[in-house]
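One structure below.
Should a chain be cited, it is by its letter among A, B, C and D, assigned in written order, with residues numbered from 1 in that chain.
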Amino acid sequence: MPYEIYGLTVYVYVGLIMLGVLFSLVRFVAGPSAPDRVVATDILTTITTVVLVVLALFFKRQIYLDVALVYAVLAFTAVVAIARFLEGGL
Amino acid sequence: MIQKTIGEVFLIIGGIFMFLASLGLLRMPDVYNRMQTSTKAVTLGAMSSILGVGIIHPAWLPKCILIMLFILFTNPVSAHAIGRAAYRTGVKLWKGSVCDKYGSCMEDEDE
Amino acid sequence: MKSLSRWLYTAIIFFIIWIALVGTIRWDELVTGAAVSIILAIFTAHIFTTEGLSNLSPKKVICGIIYFFPYLIWQMIKANLDVAYRVIHPKRPINPGIVKVKTKMHSDLAKTIVANSITLTPGTFTLDVRGDEMYIHWIDVKSQDVEEASEMIPGVFEKCLMKFMD
Amino acid sequence: MNNLILFMGFGLSLVLVVATFVVWLSKDLLVAILGSAVVSLVASIFFLILQAPDVAITEAAIGAGLTTGILLYAMKKAGRYEDD
């Protein structure tokens, strides 16, 4: 088995994160203006970084943390680039 | 054992804050208030969760701290960029807002 | 002299990031990291910093870690409890508005730290910084006066930062 | 634990499908670019669940950083709104 069971805590935790992703998705679909959707994408980006770290915990492999690191840096540049475009500065 | 319990407590706290951030994203009336609630809560929630993972596996702690620092430095910057972009594309403040000192400054710049 | 100091500062920061990313300390990796960070610093020093090595004086680093960082974390925890209250409360107790404040900081680094800290603390977030004026969205406006608001929002951090920066 | 990852997979595939529909149906091309960023973000998690971290790193780098930049550049030349 590549992973280890931690009991109820992890189930509650994943449930909370999935609810968070779902709510952000609702805002992403329904958001009246473009900045609303950019905010939703920003929140989804951070939650994705956390999910990658937690998956590293589930699979017990340290190499997975590198994915989270690369993701944290690059998704930030994407969000800032889109914000600069909206502002008209790009 | 006690170390795993502490890590799980940090994980749960992080999960609750991330959930609250998305709830705020859903409930607040305009872009600026959404950003108020979501940026703060998601930053602390993500940091707390990653610290929990680092406590459960102490060998991973340096890399976890690096990811935490990246999140701590980059999240306010992206929130600031989105907020300014929202104002410049003409998103109105919520109708219950008290004052808006930034609009006069923008008019000065246009002249 | 100034440009040499800026270049050294950039190279040191890149080298620290390299060590943190690699994770192990072996001489061949250290040599590669030193070469990469020196070459990168030549191209990026002029956009990376304006202050140079003075940012890295032991007083600033140690005071920043021991004194400012725990304070920032404590403010973030308070901010999150505040957010939790406002989000869960059925009536949404908000009273938002954009106010203008003045900061006493001079250097770019200190202004950045103050602006980012404001974004992470209870009920405020920075929209724009121009010169020494900051435009701040406040979720619960208590005062529209510039002086009073400056005392309430960035003043908290400036008192803490003034002791070792500027 | 297998159930947990299965549950996560269901939730995330919902996100994937909805984001794809947003990309397809939106008239505002900026929203379509944001949708493609969300799709690549979820795809990166899926590659990690399928135990392929190298593919996940590539997907994160190309999907989040490079594709968004290139599409923004193209959109700047072509105009933001799609005509009917």
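We adopt the following convention: contacts are C-beta pairs under 8 Å (C-beta built on N, C-alpha and C of every residue); 3 or more make two chains touch, one makes a residue touch a chain.
Here the structure is a predicted model, which means the values were calculated and not measured.
Distance between Cα centroids is largest for the pairing of chain C with D.
Between chain C and chain D the centroid-to-centroid distance comes to 31 Å (mean Cα coordinates, whole Å). Taking each chain's centre as the mean of its C-alpha atoms, chain A lies 12 Å from chain B. Separation between the centroids of chain A and chain C, computed from CA atoms only, is 23 Å. Separation between the centroids of chain B and chain D, computed from CA atoms only, is 21 Å. Shown for chain B are the residues in touch with two or more other chains, namely 21, 23, 35, 39, 43, 45, 63, 66, 77, 79, 84. Within chain A, residues 10, 21-22, 34, 38, 66, 69, 86 each touch two or more of the remaining chains. Because contacts link the chains only in sequence, without closing, their graph is best described as a line. The full set of touching chain pairs reads A-B, A-D, B-C.
Residues 20-21, 23, 76-77, 79-80, 83-84, 86-88, 92, 94-100, 115-116, 119-120, 123-128, 130, 133, 135, 137, 139, 141, 144 of chain C are the ones touching chain B in the complex. By the touch criterion stated above, chain B contacts chain C in their complex at residues 17, 20-21, 23-24, 27-30, 32-33, 35-37, 39-41, 43-45, 62-63, 66, 73, 76-77, 79-80, 83-84, 87, 93-94, 96-102, 105. Interface of chain B with chain A (complex): residues 4, 8, 11-12, 14-16, 18-19, 21-23, 25-26, 31, 34-35, 38-39, 42-43, 45-46, 49-50, 53, 56-57, 59-60, 63-64, 66-67, 70-71, 74-75, 77-79, 81-82, 84-86, 88-89, 91.
On the chain A side of its complex with chain D, the touching residues are 1, 3-5, 10-11, 14, 18, 21-22, 25, 28-29, 34, 37-38, 41, 44-45, 48, 51-52, 55, 58-59, 61, 63-64, 66-67, 70-71, 74-75, 77-78, 81-82, 85-86, 90.
By the touch criterion stated above, chain D contacts chain A in their complex at residues 1, 4-5, 7-8, 11-12, 14-15, 18-19, 22, 28, 30-31, 33-34, 37-38, 41-42, 44-45, 48-49, 51, 53, 56-57, 60-61, 64-65, 68-69, 72, 75-76.
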